[in-house]
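What follows is a pair of complexes built around chain A, which joins chain B in one and chain C in the other.
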Partner chain A sequence: MNSYLVKAFCSVLLFFLSFPLALHFGSTDFGLNDLVNWFYSEPTMDETVMQTVLFNIRLPRILVGSLVGGSLAAAGVLSQGLFQNPLASPSVIGTTAGGSVAAALMFFTGVGGFHWLSLPLAAFTGCVVSTSIILLLASTKKMHSVETLLLAGFALNALFGAVTSFVLTLLLSDFQKFPALMFWMMGGLDAKGWWHLNILWPSVLLGVVLAWRISPKLDVLALGTDVASTLNVKVNSLRVISIITIAILVGAAVSVAGAISFVGLVVPHITRIQFGPHHRRLLFYSFLNGSTLVILSDVLARTLWSPQEVQVGILISILGSVFFFWLLFNRHKFSGS
Partner chain B sequence: MGIKIHSVNHRLSKGFSLTGINLDIDDGEMSVIVGPNGAGKSTLLKVAAGLIKPDTGFVEVSGRDIREVSSESMSKLISYLPPSSSVMFDYTCEDIVTLGRYPYHKGLVSALDRKVVNDSMETMKIRHLAGEIIDHVSTGELKKVMIARCLALQPKVMILDEPCASLDLSASVSLMNLLKLLCGNGMSIVLSIHDVHLASKYGDKCFAMKNGREYMAGDASSVLTKNNIASLFDINEYELT
Partner chain C sequence: MAIEPSYASSYNRIASLTLLTDEVLWELTNKKSSQKILSLSSLVRNRSYSCIADKVANVKSPPSYSVEQIVSMKPDLVLAANFNRPSLLKFLKQSSIPFELFKSSGSFSDLWRNISRLGEIIDEKKQAIKMIAGLKRRISVIKNPKQPQKLVSYSSELFFPGKNSSFSQIAKAAKHRNVIDEYSKDGSWVRLSSESLLTIPIDFIVVGIRPNATKKQMIAEISGHESWKNLPAVRDKKFLFISNAYLLSLSHCMVDAVELLSREVYEQLPR
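After this line comes the complex of A and B, so read on.
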């Protein structure tokens, strides 16, 4: 139990440390003393510059990053629990790709700029459709079969990837839409303002509340669908609610920050090693760890080649692939922990 | 009391059907279901557990027609063990047993729940496995954990689909002894089994089935004779030793 407290403390501490760190670093470095002085209203820098950078650029960006990371990780927890499979993350099973296709079509048709809700709604719909397809495919065969799931996800990702590429080629000569869609697809947190946060927080809140409610049922699902049914868990409605919740969480993240993959795979994995498989606990700490991962990766993305920014999605994909290699070579240790 | 199955007919999509099944098990009785592969044992057990709603006929548990019992109370009356259980994530044995009591705690485990879980593990003699990861215990231990999971529900009836499958003789005997003890405490147990020796040694009643129909039913000792077994499984009597 003691080791649990230490792990919990580390996760929470890292989470809270990531905010001031991310506020501090960037292409304009503020010394922490600047911040402190500013707080006690003894400005050592041009106050308006500082205020603009901190409150209109960095703070919303950090908050958006935190919610995006948290909701992607939470969606990962749900999809892994729903499929009873530690590889079933939203990007592996095609949920993210489904959201991307829908969003790409929004860019293409220009409907995306029509109303601020159209992009998130489209992304949500895309996520629902793709996750439902994969669930249908997976339940016609054996639910537990890793191969079925991965193959179905592979097929879906290929299909959606092709459609997205097709949309990209159609937009190739459009100098406004093409770069916008391209950057969006790489996944990034650049130029995120307060209004992005306003799209994000209600869906994330709703998604997390739903996820919290169904979490104990996902634990029961570990006993198999038949046993879960005899224990008064309505398996079919649980599946439907899970898919909707995953779609809400991924749809929100994707519509704001683009296709950031790997968070939903890596974070629940690591968190499960830390805190065990119970879904409520897993959900809570995965949210924290996901936030921390995205915020800190974004700090790296902003500072490594400063003043040139790297898309945070690219950086996280690199980290994700390193993690996969680690998993490949440490599987025996991994399953023993 | 116990569990009764009243003239159940049920057709599965594959063309297989259960026909005219009647079964009556009293409190504290163990009923063993035997028959060749594909006889319909698993389907029958699923009907008994309420997982399959039969086309006609009904199941009665403790004198109540399960069609008229809410799904919540139903979930506390019967526990069901599927033929194989693989758990994907690293839950401990104690976690698994606790999950078996889900209809009571719904995720918020009380002191009473912990006590019942503890007692169930004690009964199955697996208290020492509490902190072990479920995936790391032996097949025999896994079955005991899963039956402790059934017990944690404090059910009236336990329905076990091949609890002895893939267990060696000593693990099977140790499991059947524990099940027999449970019957001594008033639990009704229905289980399917392939080992006819174990079936005749431990079963109070035996239900032999073939092609979805009752082949023969009655006291285990009178049903499981050499002749009956030979004709039930279509084997020559002289091949039985």
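After this line comes the complex of A and C, so read on.
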């Protein structure tokens, strides 16, 4: 069997295995074995609790985690392709920070508590606004180069980071809002239900379809802007559509799970080593790998300190950065592949 | 031989940096010499947290204390607690401003110690002894319920006070039990998962109610919360509403929380 098929099989297998694994393990003892027993016995109190744990807590959480991981990884593929820079990711160009600052303002003003949709919508809007700023900058002549845009992203990140920190200091004495914002900023999948899934999937679907359509053009863009232009790729409109798609994908993920970073940076890197630079292939497997990473990290987040829980965003950042270091020190081994 | 600390006979420009010392200081000095107070902490007028918010309208309370502010106010005594910013405490220790550090009252014995010490410092020793005796008497008359109830303090972030918290002490003094005690290994606050919460037997959910929130709003919030809505106690509307200012208090207002909690449980249990 050729190596591509082996790698593809492993990615797909891991993705599908992560679901039953995540359904089986949690901070309580209920697992798939209880589900099997349930089919053969009369429901008792414990079984009602088991059903709630498996179907109303774990299952929606796994599905939300899967879409969040997938969309962040897909956004990472687009960012790296668009900026033609392996360092570019939604958290680097300021998209995630835009969502965070909007959420922080929601917590501060108290508007976030008015309706369950207000916080997700605000975070989504923040991502769109911050990415639009980058888009506006990209359309000016002075900011035409990719390097300048990346630097603009760094500056935007610093600005939004400062505003978020300022809001945090204002909330220091609010013992209700401060921890809520802190936990949100750490990124997590706790308390995610079916309605989170309902607000997430349409945006993710739209983002993935758009990403799929522009992926071949990103392959051409990888040859250089001049070559892409001569090959009939409208570079400026490609940039606009890519940035909008990144905003949709990241906005959807951030609005539901908070500021989970590193997925958009690490997953496309790993996937590129596995499957090469072809963008459609990269997008497909990055989505699967991103989903698997978030789902499995969440299993660890739920079980390592059970019955306590760690924010999955923290765990992903730790695992991601350690893995990234390993990757950087060993990249010569993969450069030939 | 231990040397007893000696304090200036009378301080007339006292700056309190924490709500704990604000509330005890106010209670000790209120009736005859509240003019001793130069300023209170930033939270003292916040009705969500302060049990003396309505009484201190005329006392200075800066939004926050910086080192410069403290120096410029020229206090003759600064009251701080171990949960103040370390950099501020370090400055106070190194400065020539008389400064007293109090420990957070996790338990009633800490609270008695804090009241007694503050009384001694501000020359209100007799008032402090009287105050402690009154508070102890109020706790001693709390009746034993037929069955101690298993309580949990509501948190939208599932971040719960453990056995060393004031909430646990309040529940215990009201002859009930904080069910989170056994989940917090070191006694500190603990963050539980949604599914763990579902498996904990809970009789009542204690909800700290803010002045701008209604019980109806709080019930709607909890009943719609993904982690709470499946709990039998939520479905059966087993809520105990206590003012946030009492429930989170580290001062003598903890005793008010004990009385309110005891009364709320009594009223909800079948007789």
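Everything that follows uses one rule, which is that the second predicted complex is superposed on the first by the 291 of 337 C-alpha atoms of A that agree within 3 Å, B and C clash if a C-alpha of one lies under 4 Å from a C-alpha of the other, contacts with A are read in each partner's own complex, and residues count from 1 in each chain.
Keep this in mind: contacts are C-beta pairs under 8 Å (C-beta built on N, C-alpha and C of every residue); 3 or more make two chains touch, one makes a residue touch a chain.
Computed from a predicted model, the values in this text were never measured in an experiment.
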Task: Could you classify chain B and chain C on chain A, in the superposed arrangement, as clash or fit?
output: fit
Message: After the superposition on A, what does A:G207 contact: first (chain B), second (chain C), both or neither?
response: neither
Task: Please work out whether A:V220 is in contact with chain B alone, chain C alone, both, or neither, and reply first, second, both or neither.
output: first
Message: Applying the document's definition of touch, where does A:P277 land relative to chain B and chain C: first, second, both, or neither?
response: first
Message: Let me test your reading of the model: by the given contact rule, A:G264 touches which partner, first (chain B), second (chain C), both or neither?
response: neither
Partner chain(s) touched by A:A191 [first = chain B, second = chain C, both, neither]: second
- prompt: Which partner does A:Q308 contact after superposing on A: first (chain B), second (chain C), both, neither?
  reply: second
Message: Looking at A:G26 after the superposition, I want to know if it touches chain B, chain C, both of them or none. Which is it: first, second, both, neither?
response: second
Task: Could you say whether A:F175 touches chain B, chain C, both of them, or neither, answering first, second, both or neither?
output: second
- request: Check whether A:T52 is in contact with chain B, with chain C, with both or with neither, and answer first, second, both or neither.
  value: second
- request: Determine the nearest approach in Å between the Cα atoms of chain B and those of chain C after overlaying the two structures.
  value: 42
Query: Is there a shared patch on chain A that both chain B and chain C touch, and which residues make it up?
result: none
Task: Report the residues of chain A in contact with chain C in the complex, numbered from low to high.
output: 26-28, 30, 49, 52-53, 56-58, 113, 116, 173, 175-176, 179-180, 183, 190-193, 196, 302, 306-309
- request: Give every residue of chain B touching chain A within the complex, in rising order.
  value: 46, 49-51, 71-72, 74-75, 78-82, 85-91, 95-96, 99-100, 102-103, 106-107, 135, 149, 153
Task: Quick one: which bits of chain A touch chain B in the complex? Just the residue numbers, please.
output: 84-86, 144, 215-217, 219-220, 222-224, 226-227, 229-233, 272, 276-278, 280, 335, 337
- prompt: In their complex, what parts of chain C are in touch with chain A?
  reply: 42-43, 46, 49, 156-159, 183, 190-196, 198-199, 210, 221, 224-227, 230, 248
